[in-house]
Amino acid sequence: MRKPPGTRDQYRAFRAIPTRWKDNDEYGHMNNAEYLSFFDTAVSLWQLEQGIQIRGPDAHRFLVVESGTRYHAEAGFPDILHAGLRIGHLGSSSLRFEIGLFRNDDATACAEGFFTQVLTDTDGRPKPMPEPIRAIFAQLQLS
Amino acid sequence: MRKPPGTRDQYRAFRAIPTRWKDNDEYGHMNNAEYLSFFDTAVSLWQLEQGIQIRGPDAHRFLVVESGTRYHAEAGFPDILHAGLRIGHLGSSSLRFEIGLFRNDDATACAEGFFTQVLTDTDGRPKPMPEPIRAIFAQLQLS
Amino acid sequence: MRKPPGTRDQYRAFRAIPTRWKDNDEYGHMNNAEYLSFFDTAVSLWQLEQGIQIRGPDAHRFLVVESGTRYHAEAGFPDILHAGLRIGHLGSSSLRFEIGLFRNDDATACAEGFFTQVLTDTDGRPKPMPEPIRAIFAQLQLS
Amino acid sequence: MRKPPGTRDQYRAFRAIPTRWKDNDEYGHMNNAEYLSFFDTAVSLWQLEQGIQIRGPDAHRFLVVESGTRYHAEAGFPDILHAGLRIGHLGSSSLRFEIGLFRNDDATACAEGFFTQVLTDTDGRPKPMPEPIRAIFAQLQLS
């Protein structure tokens, strides 16, 4: 049976992302591909605010190896989507960001997705996360 | 000589539009094409809030015939852009939306642009704007 | 263990989709969200060419309920991506489109993903696929 | 009076750019902002093929200072747009790329636009174009 849509208490930090006119496709709702852009915007904003270096030549090289989305209900312009964040898996060199998108004041998510990332060295090989970085990510784990 | 960047007092209504990670291109700043999407998002939000019918089968058919942008300064993720709106020309069937984008707390615009629109009938011919619609648009004219 | 990247013989129909300058994000490669847009473009092109009604008031209402992507290798402007299509599951009312993206002349996929779709009635309830539609989709199944 | 749509003989080099499902907005045709992305894709492809360095740390710093589009007729997925290129002004440090988009086999442009670019030094001040670069650009001038 399909897992029911998540609720806000299942996420640890939120970022509000307004939709744009162009997010809607010919079906009059947000195009399926746009959801991932909401996910990586919310994750990037949170990382920047935590002081994690994600830009420039000294950025940590977190490679996205997998992503996925479950669509529960329609959303689209002019909705404001509230992206809830949590980390579902925190391994030695990999982690799984999980994101729930909540439409306006909705209590349940209209979509939920994830990004699996691996920290790599300049040769593209997995390397262990530095402890301070791991400690920052641990804040997004559900207890 | 190039006209200097506009200031906030030259616009009549504002909408805040946060940037997204994906707005930045390989040069590390917002791609030139994205600016127009900020313009049509701001214009659409304002029209919806004024009760102007822009969606569905009964929407007013405003055709965009021309657009343009002058780029004054860089912007990009994670900036919040404040879109100022005004109407620079309000004719019988056509109007010119003018938009200034202000980066975070900046006093001068990082970009300014316009959309020239013509109200058309179902055959695509220009038709005069109904008076109530024109009265709504007139609010955005500078006195 | 991670499943190895797919090869072209594992897909049944191909569509070439060139990248655009704006597809690349600040990391200088194609943004993760863009991949899904390549998937739905390839699927839509194939459906249109098969005569499946996906637009307008009489369109079949195929709702996307889940999507996912595994990223194997980098791609980006100015690459041409060759989208391979197959159908991995063909149920009574649901089906799973599987897409492999092959970069230029590469023999193995740089990314692979899927869309799970459900045919619904106007109330959003699953309904069985008409037999002629199912026969069209069956062409994309691996024997 | 409005200048009539351009024809193919008014452009010097062509690049074919297929539309994507997501290019269409809620009105069922290509969103106004997407046109600029077709322009910069065609210009970038041509520059790369001419060996002009537009990427990486040694790229020539051509700053876009203005852009504009005139929309003549609708276009949208699944059209293939043929972008015609020419250079309308070639100054000491600035140039004006002009682009016409031709829908499928159409003889007249569905949209025409331009990018005005200025070559700058690392402090953002205009600097003269090197002669070999200017010679490359001159190929796109109408005689």
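We just call them A, B, C and D in the order they show up, numbering each chain from 1.
Here, contacts are C-beta pairs under 8 Å (C-beta built on N, C-alpha and C of every residue); 3 or more make two chains touch, one makes a residue touch a chain.
Please read all numbers here as calculations on a predicted model, not as lab measurements.
Two chain pairs, C-D and A-C, are weighed by contacting C-beta pairs, with A-C ahead.
The greatest centre-to-centre gap from subunit B, using C-alpha centroids, is found for C. Inter-chain centre distance (subunit B to subunit C, centres taken as mean C-alpha positions): 35 Å.
Centre-to-centre separation of subunit C and subunit D, using mean CA positions: 30 Å. Computed from the mean C-alpha positions, the centre of subunit A lies at a distance of 22 Å from the centre of subunit C. Shared interface positions of subunit B, i.e. residues touching 2 or more other chains, are given as 21-22, 26, 28, 31, 33-34, 37, 40, 55, 77. Touching subunit B in their complex are the following residues of subunit C: 21-22, 24-26, 28, 31, 33-34, 77. On the side of subunit B, the complex with subunit A involves touching residues 17-18, 20-22, 28, 37-38, 40-41, 44-45, 48, 55, 77-78.
Against subunit B, in their complex, subunit D makes its touches with residues 2, 26, 31-37, 39-40, 55, 63-71, 115.
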